[in-house]
Each structure stands twice: as C-alpha cells, then as structure tokens.
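Pasting the structures here.
In the two complexes below, chain A is the common chain; its partner is chain B in one and chain C in the other.
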Partner chain A sequence: MANEATAPTLYTVAAPPHWHCGRTVTGVMQQYILALLPAAVMAFIYYGFPALRVIGLSCATAVAVEALCCKAMDRPSSVDDFHAVLTGLFLAFLLPAMAPWWLVVVGAAVSIVVGKMLFGGLGGNPLCAPLVGWAILSLSWKTQMDPGAMVLATNLVDPLTQLKYLGVAAANKLSLGDLFIGKQLGALGATQVLALLVGAGYLVSRGLLKLYIPLSFLAGVFLAGLVYYLMDGSVYPSPVFHLLTGSVVLGACFLATDPNSSPVNKAAMVGFGLTAGVMTVIIRVYGMYPDGVPFAILFANLFTPMFDLIRPKPFGAR
Partner chain B sequence: MTKPSFTLLAGIGGPVQDGPEPEVVRVPLRGHSTKTIKKKAPVGPGTLVAEHPDPGVGDAHSPILGVVTDVTDTAVIITAGEAKPAKEGEPAPTADPVAPVAVASLGGDELRKALKALGVSTRPFTKAAVLVVNGLNPEPGTGIAEILLGDHQATVEKGLELVQKLVEPPTVLLAVPAGSSATLYGCTVKQVPATYPNSVNPLVVKALTGKETMDGVALVSVMELYAMGRVAETGLPLTEAVLTVGNAAYRVKVGTPIAAVLAQAGVAASPCDRVVVGGPMRGKAVASTDQGVSKDDYALTVVPEAAFPPVTDLPCINCGECVLVCPSRIMPGFVTRYVEFKMYDKAKEFHLESCMECGMCGYVCTARRPLLQYIRLGKKNLDLQASALTSCRLQGE
Partner chain C sequence: MSIVKEFTKGLWKEIPPFRLVLGLCPTLAVTKTASDGMGMGAAVIFVLVLSNVIISLVRKIIPKKVRIACFIVIAASLVVSVELLMQAYAYPLYQSLGIFVPLIVVNCIILGRAEAFAAKNPVLMSAADGLGMGIGFTLSLTFLGALREIFGYGKLFGSAVFGPAFKPFTFMVEAPGAFVCLGLILAAMNYLAIWQSKRAGLPEPAIAASCGGCRACAIGESKQIVEG
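Coming up: the complex of A and B.
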C-alpha cells in the first residue's frame, strides 16, 4: 500500500491508445534513405565521383536551407527528421551526374523553400517537394538539365532522346535488359531501374510502402503505352520501353507516393496513380520534354484534393 | 521492439481468483447523489451508500465492513474495521447486514427496480428484436470474457436469464472468437475473427446481424452478464468487478485501490509508466494508483514508458495509415487536423461522429499524434455547440 508520507509516484497520463506500432517520421525517412542506397551505389558505378558530388551537395544544401528556414520562421529546427536529406537525395536522383554545382544548389534550395517550407514544412506541401525544384530547374536551364548535353565522356545513350529525335527504330535497338540494369543515360539515380525496385521491395516488405499508387502508376504507363503501340508500332515504342526508361520507376515507387501530395483512400490512390501514369505517356508522346514523369506527377498532385473527395461511406451511413 | 499482438485470444488461465482484502476502498461515484452519505457512518458489505437519480443506473454500496471516512464528488472512501453503531442503542453493522433479494422470481418493472437497488444498471436493456451478447475479450491482452465463458458459464447464464426478461428478444446471438467452443444456453453462436478491433460493439453487431446500426438491437457483454449472474446467485448488491491483471483474473471488491490489485497480481509499475484501467487500446491512464476499481472495469494494464515512442505534436504528414485501419471508414488524419484548428463543423463534415473510438488510428499514426484525443475533443465541442444551440432556441420561444 502506498506510504502516505512519501511523495506520490508520478505516472504518465495520456489518451488511449497506449500502444503504438513504433513507426515514426524520422524512422520512416531513414528507411527510405536506406532503400535509395542501392540506386546511389549504381549511380556511382556508372558515373563515378561526379554522381556522389551531386548527391552530397544536394543533400547538404537541402539540410542547410531547411535549418535556415526554421531559424527565419522562428521555430524549432526540423532537420533531425531526415526529410530534408531525403528531399535532397530525390532531387539529386533527378539531375544529370555532370550538373554544375550552382544548378544543384539552386535546385535543392528551391525544393526546400518553395516545395516545402513556404507551405509550413512537412505535412503542408501540396506538391512533391523535389519535383518542384526539378521543375524550376528544367524550365530555367534546359541545357544544363539535359544528361545528353552534360555527360559527354560516356558510352551510355539516352533512350528517351533517341526516341524523341531519332525515332522508334533507334529506340528499339536498345536492349531492354540493359535498360533494366540501368545501362542508359539519364538522370543519375532515376535510371537505376533494378536498384530502385530492390529498394522499393525492401520498403514494401517492411510495410513502409503501399502498392496502390506504384502499381496503378505502372499500369497507367503500360496501358497508355500499349494503346499507342497498338495504334502504330512503327511510330511508338513498346509499353515495356516506357516502363524502363526515364524516371518511371523512381516516380511510381517514390515520388508519386510522397504522402502529403497524394490521396489516402484506396480507390483515390488507384485513380491518382493511373492518372499520373497515363499523363506520363501523353507528355512523352506530345510534350517537348522527353521524360514526362515529373510533370505528370506534379499534374496529378494538383488533383489530389479532388481525389480525396473519393471516399467510402462511413460506418453506419445510409 | 517487438510489435504487440492484436489477437483477442489472451490465453489467460481461469478461473477467476479472489482479489485482495482492501484496508481502504474508494467506491467510485458517477453522478450518484452524495446527500445521503454521512461521514463516520458505519457500513457493512452491501450497505447502500449512494443512490443514483436515474432509475436505469445502479446505486452504490459498500463492499466491506467499516466506516465512511470521507466523501468527495467522485468517491466514497470507506476504511475497513469494526464499526461502532451510529447512534446509541442501534445495532452495530455486521458482516452481512442486508437480506438477499430473490431477483430470479421477479419480472418487468419490479425486476428493474430491484436490480437498480442492487447496484445493476439496466438502462441499456430496453425491449429489442435482437439481443447480442458480446463474448469477445474487449481488447488485446485482456482475457476476461474468455475466462467467464469457459469457467463461469453457469453464472453467466443466470445473468442472461435476467437480461432476457428485460429485453424479451425473439433472437439471442452470441459472438465468440473464431476457434472458441464457448456456448450459452439459448444463444445462436457466431464466430468472429479473433483480432482487435473486431470486439468493438458496433463491429460485433455488424458481424452478427449484418447491419451497421444498433436500431432494434440490445447489446450486453459477458462481464455484465456475469455481474448480474452473481447478483442472481447471491441476491446481494453488486460490489465487485472481475478484471484481468497480468496473467490471471481476479474478483475485486469495488473501490479497491489499483495499487493493491497490481501488488497481488505481481505487476510492477515504475514512475512514468502508464497505469491503465482497461486495455491498451481504449483504457484510461490513471494519475494515481490509489484510485478505486469500478464496477465496469475489466482489466488493469501497465504500459512501460520506454515501450513505445512518445506522443508528439507533429503535424499530420498525410501518410494515410490511419485511413487504412479505420473500421469506421473515416479519415482520422483529416478529422483531427480540423479539430486541431477548431474547425469542428468541418470535422463533422468528415464524419467525426462515425468514429467508434477503437484507437487503431492512434496506434498506427506515423507522426504519433494523439488522434483519439482530438476526436473526443471534437465530439465534445460539437455536443457543446448543439446544446448551446438548443438552449438559445428555448430562450427564444
């Protein structure tokens, strides 16, 4: 029995539930970074130290800019949740390995400031933050963002520019197996198809990545690619070519699934993924950018509030 | 960190053991009238200490022989010991001062009255077409329903007889966890997957009747049946609760300090742990283990401080985990964001009121936000708004 003379023992009083699954924001970000490591290693294998330089610079800038933003906004620093690192990593994956340093710095800073902090930080961003940085760089410095123009000392070819400027015959010469293992010129991390799939598989096995968006995104790309291919196989490449090139896999598994800019109900996630996937192919066919993925995802992001209206009837509702 | 298991088969062995003999009890009051209680009044087991103004809510009785030492808004405190008579010449209370009531022979309103006087709440038991008996353990880690159905079936059936007299249902359905062979006389048994949150009442009703509504359904838990069965068997007022604590179940006198029950069960609570009345998903964390056990408690759970990440005030990152687990099919992330910014009407638009308070959303929340707390806050404020509105209308008339 409690001794009246001693001070009472203090217990934690909190609302239920008293259990928790253990998943935290910081933990999830760390796991995502871990899942991207294989692709980073492959980027190093194909492009050498320049790739590491871009990755390091991008992550460091993102962290520094976020720390400064928090200071300016007079709130506790949020960099210890690793989201800034992850944003920097995603942006680097979308850049050519030979991107000039200022391009990387501007891209990472814009991703954090415009993509995230202007909207109040993580949880407020209506668009996928690294894609915001990417979009502004692409619109402003087209040449510096073009891997074909930037990475000269290489035997790799960019399948999407081949397709765009030399036609489907040139694109068909490329082996799909090579594309799958990342033997293609492009953004340094986005083209590491196999390595990215390994990372995504790891996240799925840990329950940190749900497949609604990735699978419907890939299905959207495949179906739209198939429609064009069946319309005229001499003008349009096979749907598998679409799946293996550009940043389709990175986009499907990692960028379209960015939590805050994607919907949350099952049917809405499927619709969102399909939309982004189909848009990818449409931009590739008609647009002036060879890789449609980033713009397709940004486009779908804009409709997330609409997709969020697709929701089941609550329990007991008639 | 091992992830907690959500199975509703606790595997806690019965039968129910006797709980501690408390030196002091704090009999909880829930809106009972405290006017009739006098300090220093001698009481015996079963002596009425506080009536409840609502005819559907049970009165409160002393579980022990002793003296009323204090009365607060929320509890009557009784210290055990030989009690002197209140006035000269009156007989001193004895260990069995009240005469048993043969409730089994009563019916209708007489039965209701008798049960209320014996401390049993009959409010939920109105006439209905279907009576659903929730035979599932209420939460993971709490095994009381399993034990009562397994080892105390006869008592539970006596309680069921009483409830059937009140509800007069053509159909009685019993929900048991899948794999269980438990039955009750006169019930159609249905198995329900033995994982939380399937034990939450609306989901049990859905599983048994196929409908997402409580209309025409009366619901009773095995614990309530057992309590009524004990009253039917003894004819004496209800002054005990059955709880699972650690790896055993105990029959505990109402008002027994939580500390005493934990001590008997050999469950230690260190500073900063959570001492929870109820289970880990819906239970109430208490500030002090001096607090007394109440009639409708079914478990005590200690959750160590370091077992789980602490609650945060981080913003929702919209990961959607809560949406995927919510059995009410609402969007807890959205709802709680609206409540957080006091946009209660918006929260209502997102079906805040459909929440059945199972706690699953808070369990999975990546940002570790106190989701259920926000939801309750939102419900409360909507209630306040509604009642303010009605009182305005009344004034206007």
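Coming up: the complex of A and C.
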C-alpha cells in the first residue's frame, strides 16, 4: 500500500488470467437461488404464506447480519455476492413452515456469524454454514424445530416420525409417488423432492453442479438402506423410502456440494458423498433424531481435509 | 519477582485457562452452571496451593528423575482428601461434579505449576503462585459457567434471570456449547491483547500461519520485547 502511494504509477495491468470465462461468485449464487425457486414455490403451495414468511425472514436476517459483520470486521461489504441470501434460503428450507420468528432470526444469525464470518467469510468456512445454524437450533429447541409439533393444520404426515415411532408398517402405507412429489410433512423446502431435482438438473445443465457428490451421496443412502432392508425387511424400510424422505435430496444436491466444505478431486468427492450417505442411514437407524442428513453432512465436512489428501498423481511421477 | 507479582499474574496476565490454556477438561465439562464452576475452582485452589507448598518444601530432596511421579503422588493425596471433605460437607456439589473431582489429579494446571514454578521457587512464592492461579481458574470457570447457565437455563446461580417467556438456548449447556463458548472467549482475549498492544504503540503481533492464524504467541513476544 505504501509503495503504491509513493511510486508513480506508469501502467496498471489487472491480475491474470486476462481471459475470463465470465463466471463470477455472484453469478453462481444467483443461479443457485434460481434453482431453488421451484422448491420454494412448492413449499408455498403446500404450506401457504407461513412458508414465505420463514423464507423471507431468514434471507433478510442473513443479509443484515452479514452486513453488520462486514462493518465490524472493517471490510468491504460482501452481501452483494448473494451468498448470504443463499445461506438464508437453505436454512429456511430446513425449518418447519410454522417456525416462530425468533427461531428463524437466531438460526440465520448463527449460520452467518458462527458458520461463515468467524472463519473469515466466504471461502473460509470449514462446515456448511446453514447446517451449523440448523444443528445449533435443533440441539436447543427440539419442539420448535419439529415439523410434527409446529405444523398442525395439515393433512400431511411426517414419514420419518412414522417410521421412528410407529414402525415400518406405518411407513410402508405411504405411497412413494406421493413422497416423490413432496406430499410429506417435514422441513418446508427439504421435502420438495421433485422440485429440488428439477433445480439440481438445471444446475447440472448449466455446468455449475458436478454429479460426483450428489450421485455418490444417493448411492451411499441407497446401499446402506439396502443392507438394512436385506437384513430384516420387517424392521427396516426399503432403500427407496430412505431416498425420498427427509432432506436427502436437498442434502445430496445442494448442501453436501457446498464448494468450501467439500473436497475437490473426483475420488475424494465420491468418498465424501458415500461417507455422508452411509452416515445418514446409520443416524436414522440408531440415532435419536428422525432425520440424519444434516448431521451426516456435518460429519463428512469434518473429514474434508482428509479427503483432500487424495490427490491425482502429477504428470511423470512414479 | 515480588510475591505480589507472583500472586497477581494468575489473575489476569496468565489467567488459566483463558491465557494459560491448561486444565481444559474441567473447564469444558463442569461449567454447566456458575455454582458448579465455582465449586470446581474452590477444589482446585485447595489442591493447587497445598501441592505447591508441599512440593516447594521437598523440592531439594526429590530426585530429578522421579519428580513427576512424586508430584502426582502429592497431588493425588490432596485430591483424595478434598474428595472426602466434599463428601462430608458439600455432598450435592460432590454429586454434580462427579468423576471430575478425582480427575483434578491429572489437571494440567496442578502438574504445570509444580513443574514450572514450585520445583524451583521458595515456599512463600509458590503459595502465592498457587493461590493466584487457583483464584484465576475459579474466576474463569465461574464466568464461563455463568455465561452458559444464563443462556442455557435462563438462570444465574439457580435464580431466574429472564421472564417466563424465555425459551432456554439449550445448546449452551450441551457439550458443543462449551467448546464454542470457550473458543469465543479465547478469541475475545486475543482481540483484546492485540487492541492493547496497538494502543501502547507496539508492533502489531504477527499472524502465525502454521497455527491457523493465531497470534497468541506473538502477543507474548511483543510484550517480552517491551519488558526486556
């Protein structure tokens, strides 16, 4: 800085690369938000204005808190890259539609502060930011985070609670087609399976989403579910049931693929996805929480530095 | 070094566990409430002062090669006595602290002060050092316990702080809450030290890239430059 002030500037050249592909952080984030819109619309159809209220409040809080953090850290504001909006949107998708306002506000604030800004902002977070907020909320306020307890005026049923408390017979009564189009009670956006798959397909077609992590995540869930199903089909549900319930699709396509907290190489990405997928089913079977996806992804995130040690061989190395 | 200085360094300059990051097991485990933290701190004061005094008394007759074993034996006898005293006079506290009372034996602060201070210094100095460190540890644990109790249960020393509409932030009294709280306090301590050295006109402590950007060591170095 001091040199720039004293030395006369002759000619300024921007840092390489000079040929830019046109992809920016802001652009990618906007595409992601666009890809999540179908699920938001489906959430509005199923839950009405309360769902919109949660989404709006969560995004607004995330943006405001990030702006405040940037101010406190004496940095140029980073809210215009839309990552805060995306974080708020993901968090809203993991909350029940009737969540009280303070739950949404605390969750969004914690996601941004503890999940992202304490580690230096976008690119520094070791864990997927919205999941940090979700984990702290669900450890603290179990009742308010439980869709079955919060969303009362509905005919939908929560397939995972049915499985947990009423056994596999109750779970098998639910039609898989209904689950696929999102006719299940749960977090407001995470259960819109079809809409999320449409969004993920859009991102894949734009080249913004690589399929290694989503496919290996789903394969991990399917294989682990299959192992339990083959062990005893009268106790454990079919693997397809696992794939279509809870936040498996949201986790596989959007949360596990968070660029900062997932590994970068192909083999590592496959291992990462399989770890998270298998952990999901293990937590569902043995854990005290009905859905294990967020914890499974956080668990896999912790192993990302290990997975990143799997590197391709440099050219010419033995 | 005067005796006052030895006493006061444990209260702020080297306060465990926020500056001297030792004894983390009880810090994380028994600070669910302020009174638990205070009870734990009281037990540590008792053991720390007496172990420092005894070790300082016998420091010249302990053979160098077996000194750690001797320190542990001395600390263990004191811990057993504090455990029995607690069972006799403070049974509810003993029950809520549980296994962490016997675990004071392996508390790093006890062994650390014995090795680093009491084994090299006369009795009165060692007693002052132990008392200062013990009181600092108690203050830290009470502070952390109060913080976690206020948000986690909505209470302070067992009496309600917020109105009935308050929904307890249970995360704070779970195990991860202890880690997050301690981390935030350590960050605040480092921030404060950097701010102080800036105000005193010292060079800003450098970031140690190998330690994840922590500046704690550099803070100590820049202070030594001034003192030396």
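Some observations on this one:
The rule is short, and it goes like this: the second predicted complex is superposed on the first by the 301 of 318 C-alpha atoms of A that agree within 3 Å, B and C clash if a C-alpha of one lies under 4 Å from a C-alpha of the other, contacts with A are read in each partner's own complex, and residues count from 1 in each chain.
The working rule: contacts are C-beta pairs under 8 Å (C-beta built on N, C-alpha and C of every residue); 3 or more make two chains touch, one makes a residue touch a chain.
None of these values were measured; they are calculated from a predicted model.
Of the two partner chains placed by superposition, only chain B is touched by A:Thr12; chain C is not. More residues of chain A lie in touch with B than with the remaining chain of the pair chain B and chain C.
Contacts of A:Pro314 after superposition: chain B is touched, whereas chain C is not reached. In the superposition on chain A, contact is made by A:Ser140 with chain C only, not with chain B. In the superposition on chain A, A:Leu163 contacts neither chain B nor chain C.
Looking at the complex, you find that chain A touches chain B at residues 1-2, 8-25, 28, 120-124, 210, 259-260, 262-266, 269, 308, 311-317. Residues 167-172, 174, 176-177, 180, 187 of chain C are the ones touching chain A in the complex. Across the complex, chain B meets chain A through its residues 1, 3-4, 23, 202, 206, 212-213, 257, 259-260, 263, 269, 271-276, 278, 280-290, 301, 303, 305, 307-309, 311, 314-321, 323-324, 327-331, 333-334, 351, 354, 356, 359-360, 362-368, 370, 372-373, 376.
Contact residues of chain A toward chain C in the complex are 102, 106, 114, 118, 136, 139-141, 144.
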